[in-house]
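The following pair of complexes shares a single chain, chain A, combined with chain B in the former and chain C in the latter.
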Partner chain A sequence: MQLKINGQNREFDHQLSISGLLQQLQLAPERVVIELNTKILTAEAHETLLNDGDTLEIIQFVGGG
Partner chain B sequence: MDKLVIAGREFNSRLMVGTGKFASNQAMVDAMENSGSEIVTVALRRVDIDSPEDSLLSHIDPNRYLLLPNTSGARDAEEAIRLARLARAAGCEPWVKLEVTPDPYYLLPDPVETLKAAEVLVKEGFIVLPYMPADPVLARHLEEAGTATVMPLGAPIGTNRGIRTRDLISIIIEQSGVPVVVDAGLGAPSHAAEAMEMGADAVLVNTALADTPDPAAMGRAFKKGVEAGREAYLAGLGPQRDKAEASSPLTGFLRD
Partner chain C sequence: MRIYLNEQPIEVPADISLFDLRQQRRPDADLLIINGHPAKQDQPLQEDDRVVLIQRGQQPRPDELDALLRARHTPGVHDKIKQSCVGIAGVGGLGSAIAVALTRIGIGKLVIVDYDLVEPSNLNRQQYFIDQIGLPKVTALQENLQRINPGVEIEAHQVKVTPDNICELFGQVDVLAEAFDAAEEKAMLTGNFLSKIADKPLVAGSGMAGYEPSNSIQTERLSDRLILCGDGTTAAEPGRGLMAPRVGIAAHHQANAILRLLLGEKPE
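After this line comes the complex of A and B, so read on.
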């Protein structure tokens, strides 16, 4: 399965859910917010299964003024 | 000090601080704590999926600070609206510091796109604090659109040059029905004090606290500057004169 994450193409062996992907990337779900194919996901949607060709943005808070 | 009220919410501090550019998270926390601030701004960016960093939020106590996400990086209304929605989806309260800065050299806010974004975000229930050029007419339009404050710039972001827009900010303060927060360019506690003496309701500072060898001390210094300025404003500054007016009695001299 190929996903485009934050502008980079990534290949995965098998189909993943959002939470499975976050686990694989070692990201704490409560610290990030995700857009799937330009749609913002709520935390409840983290069990959604991803499909080949999906585009994700994984965003977090950083320092800023 | 008298309380600052924004969108019906009370704050004991009139100093908001940014969290960018600190040399370490500890330096940021020290500056924030010493500043007495209760509102801190944060930005949203892509995670580096190859080397995720320690989360900023683990260093900011949500019971002590209202997290104010900004829309920095947005070049137009659409991008700013997207960032505001993302921040809300991340669990933040629906407060947003609206920033639309298409110009990469001076980071000046785009008045047209800022107003457009403000109109949409207010309708969506956001408490909108817009960073804006020091333009009294724009301030009116933003207030009419329902923003919770106006945030005119003193000087371009990160320049530490102080209030270069003084006359225009005075007009905004005179006319505004919502709190006026002077944001950007304040480089010294005296600049913050000046804004408060003029009657600004609050100031926002980031670079001046982050870009110093001692952010902890600078946080404390800005707290004093803001408090001194506010107190002087409430007391009422004496009038300026062209000629001297003696402070000591003009009678009883030891002559004649």
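After this line comes the complex of A and C, so read on.
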């Protein structure tokens, strides 16, 4: 499965959910916001299965304010 | 001839003096400032002189303050700012500074939300005073903002923001400032606001701890509705605390991005 993540094409062996992808990328799911094909998702949508050709923006937050 | 009195253009006779003007317009004024300099003695006025007459201890009326801002910002800009409502989620280092900046430019309304109290350690960067320790932050901030510009409408909520109350708290705002401390809260607010509220932008802050270079803090437009301010990486952690200068830089990136959105500009 090919995904475009933050502008870069990435190849994955099998179909992943968003949480599976975040695990693979070693990103903390509660600290990111995902935009899937230009639609911003809430955390409840992280079990959504991704499809070949999907475009994702992963916005990572760090603490402080 | 035309001069400016307290920022407003007025027509006066060509032979008028400073003291004549005071006598006619504000006889109780005890501070006379001409072209930026305090004047002790009477002097003739000239075309385009800028005169400010102040009575010490006397505050400008709301309409006078409004006229001052209108003159400073130009009427078109002032009217847009004055008609705008901005939400601020979290009023710590980022949110309190954003609120002060927007109040100074005469924003119409602010919706400020925070469940926290002012703690001594907050004073290294947050816009509170030592005699406000222990007060709810939203109460203390409301007091401070009203001392800056009482014409700004403040809606204050001392509650924790959750996915369930975001629409109720921030459904009316034109722009929302994400100004939380924890990364998890930042992500929760951003995801929920952008997916649940159809068409309003959010300006978030991420990465402003320590004393790394000022210029590493940037404003980045990730989409039409999501603007991110900060360096994106420097988290607050032991040995790299949050400090007024850099948090202030990020907060003012956010405030300026909000202003640009309100005025129809695309931030960066």
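Here, the second predicted complex is superposed on the first by the 61 of 65 C-alpha atoms of A that agree within 3 Å, B and C clash if a C-alpha of one lies under 4 Å from a C-alpha of the other, contacts with A are read in each partner's own complex, and residues count from 1 in each chain.
In this text, a contact is a pair of C-beta atoms (placed from the backbone, for glycine too) under 8 Å apart; a residue touches a chain by one contact, two chains touch by 3 or more.
Everything numeric here is computed off the predicted structure, so don't read it as measured data.
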Clash or fit (per the criteria above) of chain B with chain C on chain A: clash
Partner chain in contact with A:Thr42 - chain B first, chain C second, else both or neither: both
Of chain B and chain C, the chain that contacts the larger number of chain A residues: B
Contacts of A:Ile59 with chain B and chain C, given as first, second, both or neither: both
Partner chain in contact with A:Ile5 - chain B first, chain C second, else both or neither: first
Shared chain A surface residues [contacts with chain B and with chain C]: 28, 30-33, 35, 40-43, 57, 59-65
Contacting residues of chain A [partner chain C, same complex]: 28, 30-35, 38-43, 57, 59-65
Chain A residues touching chain B - in the complex, by the definition given at the top: 5-8, 10, 25-28, 30-33, 35, 40-43, 57-65
Of chain C, residues touching chain A in the complex: 90, 92-95, 163, 179-184, 186-188, 190-192, 194-196, 204-209, 222-223, 225-226, 228, 230, 232-237, 242, 247
Chain B to chain A touching residues, read off their complex: 18-22, 28, 41-49, 52-53, 55-58, 67, 69-70, 72, 85-87, 89-91, 157-158, 184, 204, 206-207
